[in-house]
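Below you'll find a set of structures to go through.
Here chain A shows up in two complexes: once beside chain B, once beside chain C.
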Partner chain A sequence: MNMASPTTPLPAAPVAGTAANAATIVNAPGTASPARALLRRRRAWKPAEFLFWGAALLAPLALPRSMLLMNEIAILGLFALSLDLILGYAGIVSLGHAAFLGVGAYAAGLFALNVSADPLAGLVVAMLAASVLGFLSSFLVLRGTDLTRLMVTLGVALLMFEAANSWRSLTGGADGLQGITIDPVLGLFDFDLKGRTAYLYSLAVLFVLFLAARRMMGSPFGLSLRALRDNRLRASASGVGVNGRLVLVYTLAAAYAGAAGGLLAQTTQFVSLDVLEFHRSADLMLVLIIGGTGWLYGGLIGAVLFELFQDVVSAATPQYWQFWVGLLLVVFVSGGREAVHKTGAALRQRVAALFGGRRA
Partner chain B sequence: MLTILFDGVAYGMLLFILASGLAVTLGLMNFVNLAHGSFAMAGGYVTVVLMQRYGMGFLATLPVAFLVPALIGAVLERTLYRPLYDKSHLDQVLFSIGLVFMSVAAVDYFMGSQQQLVHVPSWLQGRFDVAGVGIGRYRSFVIVVCIVIAALLQFVLARTRFGSQLRAAVDDQRVARGLGIEVGTLFTLTFAIGSGLAGLGGALGAEMLGLDPTFPLKFMIYFLIVVTVGGRAGLIGPFLAALLIGVADVAGKYYLPQAGAFIIYAVMILVLLVRPQGLFAAAR
Partner chain C sequence: MNAPVLETIGLVKRFGGLLATNNVSFRLERGARHALIGPNGAGKTTFVNQLTGVVKPTEGQIRLEGRDITGSRPEARVRLGMSRTFQINQLFRTMTPLEMLLLVLGEREGRGLRFWSRLDARGDLVDEAAAIAARFRLDDAIDTTIATLSYGKQRQLEIAAAFAARPRVLLLDEPAAGVPEAERQDLLNIVADLPEDVSVLLIEHDMDLVFRFATRITVLVNGTVIADGEPAAIAADPAVRAAYLGEGEDA
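Moving on, here comes the complex of A and B:
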């Protein structure tokens, strides 16, 4: 039983130095074109990535009846991508990521109700609102140990929940925001009942934000984040500024989660306290564990598997669905993950290579 | 005013008994066990089942409400918890959240989702007046029981051989093992006692806090606050923190009902910001 000393950043991987050195080399002005070339090579698109997005785009043709589910997958994927930015890349643990989803959802809902029903403007508002909260709360996670971070993020999410619950005049309290109507996307595509526009809209937003994240995480900035995650002391000793980067990535992740919340509010045309519930944050962890942290496709693949699993199980036992989530978490942590890793190691490596080897 | 203070103290005492096991596992053994509330819930339901189905008296069920969760705790510690001691906090959190979800759904399945009522014996009902202050009989009973348990715990931890062995094992496991202390057995026993105390707290608190399947989720944050705000160095910090939170929560709900639990969470974040090691512990 290891009493991990509170100052050691977890997870501490032994290979920390390389990423840190690469980052500083790249950051140094006018030097090291080999490092840039390496980065560019690693950023190149792999065939499987085209396959992935092609399949996502064509899925509505194959399964026209499950577009509402696919919309949920796209939104959950974006939400998981957001958590991966801080957990997988920067190593910040969070039990309260639903705070940003919820703030984004309420911002988008209130904007649509009170200002304008344009979806894209609402999305921007959702992202801005969440990133303001993200920026302010980012200073809370800079200090302390993993345990304090878990507690503080959980506390922020609970505060948001209480605020939404008590401020009835604004949020509708337990009744939620009802009667949201959203204009057609770009004035062209009307939201239909089958969810086709909803899915394609969410997928487009996910894709754009994914591209941005892919570019950022493949840049020296992304590398320096990973250096921080692996060994904060060493990274800062090699000239990587710690706090500024963490604030930036936390704010960014909050904006992403806000976008997911905005999409949720716009495509379901309803916002309730559920978006701020604790189980949102906990489920999200499971999604990321299923898909794997530290590579951008982890959240997306995890979201696909999680939603399919949920769809099957909750069709069988709608009331006790949480039991199976819990069991999955316990099994995964108590050794299932290692088993999966061991048996699927070769497969994983091949897949990761196809997807661009983002598993640092 | 004084009645609120009294109720707050009773509530805080209860919180301390509920969280005392966590103060040891999280505070001393450094294991983030979010499922602590599940053991408390188990104790509460043991009392409910024994009283409703087997017609036992409230007091007679209390030892069982201690023993059953303690047994569950011992078994789980041996099988599932132990391999996770040296994993990261994140893994421990995910694992114990999983346990919470499972226990919530399982209790819902077997017992139903409704609130369970616990009827305390008639001699513990009602209240009496002392110098114009209304004092609930049951609450004073809870306070007395909790003071006894708290004193016992502190005595065991500070004065007995078991306590000093535990402190040694927590401080430096390898050296403790080298000195011939059975660290594994010690931790199992400690975990079992902590779970049992949570169960006892759950049984005692069923009347005051309510008991339904979401109990572990509802009170998880309170237990965590007691331990992290109190400081992770012993039992006195959590004890003071529990009293503080109990009084603050009861007073807050009475004077500012619309603020809900807002104040508690905000205070927790502030405390953790200013003193990440807790209010009553020296920096490590």
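Moving on, here comes the complex of A and C:
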């Protein structure tokens, strides 16, 4: 790692405006620089990543009767990926992420009912609608502490819920949007009762948006978000325009959540107030607590574990499954921090290392 | 006399009834090695926080190379050529030194909004980051998570990150504070080796470092400048001796 041997002339800081120092660095023209190799290695796809997506693609073959559940997992995974963008990368806590899921779902549902039943067009509309709300509400999370952010995001979600509840002529109120039909995906793949098209459609959307997120979080923009999360004071002392970045990432995350809502509306062909319920936001936090934040796969793996846990427990005790989910949360977050959390964290870190992430 | 690179004119900061900065007019000359000293609670850090834009002054003006920056945001001041280190480490603890330096370089080059570009897209910046790491004796730790670096290395990274912004004015807020003896010499050499065209303001308690480094010293006591001059004159100044050694001297 000796970039500069003792004889190497080190770049003096030139007077601003000149970019003279590239020439004074030893191996500028070559590609053998160890620092460059480090970065290339870091962003390269890891074997575990191929395995993960391969397994997701092949899962319907192994479990053909569980595709509706898999569809739910894919959608929850996308929703959790969205929260990870703001929580794991930019460090913004939220208890109201369902606002964006809900707006996306209603937008996709209304678009299908009134304009066009094309799923991809509907998905774009859902993302746009949610990102508008994300942009507007982002200004509310710029200031204040984590606690104020929790309250403000919660408040926005409650407002959206009440708005959807009251504006019956548009949303159908408590009855929801019914009679939604969705055209075949790309005009080719009909939505079937077993959920095969639904799952593969959701998985494809998740994959594309995941690829985009992976690219964006590995960019200079993504690095500046991590800077904000780690230390805002230093970020601004390094020239990062804090507010602008937060507005951008919050809007982006809202668009992702809107896509999840759109998928939910299209694949279930139904939208009700449930998409704006508080438990959606709270569950999402749990998903990220299980999977870990700041490495993109946390939300996806958390979604798998959360849905499976919920599926198993609700089959065993249909009336009390929420009790067990609550217990899991309590144990995970506080109770067994010494035991559960440490093993969990060690396990997560090992899995994260497989995926090339370094934080869990 | 040529224009100072950084200047305050009648700077005043009040926190309620407390006068933290009392009408401070201060000049930092181009290429200076200037130290700001004063006993605990003299208002040194408050003064630096006003220079960098973290705290807004109650009255007065701050000029960077003749430009009024009193109301500018901290990140804007960095782009205008002034960067700083912190008395208490303010680092991106989950990053590696390479990533942290790349962040500073990326922002300096206006790349912070590039969301589709790769971190290593500008190979020259990666090489520059590695060279800065080497300059600040961090080349063996370039890929280590910052939180796990030794305290002394973290102090070195504090300075490296400020330096990477390619400032014309560099504010060092107690760079040697708390550094153990074994790592101290590295740090002192780094400070001594800063390029001459960078004007440096050093805020420091450590008199050894101050008198080795500074060619000019300003003494701040209770928010007020009580002396300003060359090190020998400051060392002999009765008011300074009184402030440091307590009342009862022949002040």
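One rule holds in what follows: the second predicted complex is superposed on the first by the 303 of 360 C-alpha atoms of A that agree within 3 Å, B and C clash if a C-alpha of one lies under 4 Å from a C-alpha of the other, contacts with A are read in each partner's own complex, and residues count from 1 in each chain.
One rule holds for everything that comes next: contacts are C-beta pairs under 8 Å (C-beta built on N, C-alpha and C of every residue); 3 or more make two chains touch, one makes a residue touch a chain.
This one's a predicted model, so the numbers in the text were calculated from it and none came from an experiment.
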item	value
Partner chain in contact with A:P119 - chain B first, chain C second, else both or neither	neither
Touching partner for A:L39 - first (chain B), second (chain C), both, neither	second
Touching partner for A:V330 - first (chain B), second (chain C), both, neither	first
First, second, both or neither for A:G104, with chain B first and chain C second	neither
First, second, both or neither for A:G261, with chain B first and chain C second	neither
Touching partner for A:M151 - first (chain B), second (chain C), both, neither	first
Contacts of A:I289 with chain B and chain C, given as first, second, both or neither	first
Partner chain in contact with A:R245 - chain B first, chain C second, else both or neither	second
Contacts on chain A seen with chain B and repeated with chain C across the two complexes	1-4, 10-11
Complex contacts: residues of chain A adjacent to chain B	1-4, 6, 10-11, 93, 95, 140, 143-148, 150-152, 154-156, 158-159, 162-163, 165-166, 278-279, 282, 285-286, 289, 319-323, 325-330, 332-335
Complex contacts: residues of chain C adjacent to chain A	52, 54, 73-75, 78-79, 81, 83-84, 86, 90-95, 98-100, 102-104, 106-108, 111-120, 123-124, 126-135, 139-140, 142-143, 145, 161-163, 165-168, 195, 197-198
For the chain B and chain A complex, residues of the former touching the latter	26, 29-32, 80, 83-91, 93-95, 97-106, 108-109, 170, 173, 183, 187, 217, 221, 224-225, 228, 258-262, 265-266, 268-269, 272-273, 276, 284
Residues of chain A defined as touching chain C within the complex	1-4, 8, 10-16, 21-22, 25, 27-28, 31, 33-36, 38-40, 43, 215-216, 218-224, 226-227, 229-231, 233-242, 244-245, 248, 294, 358-359
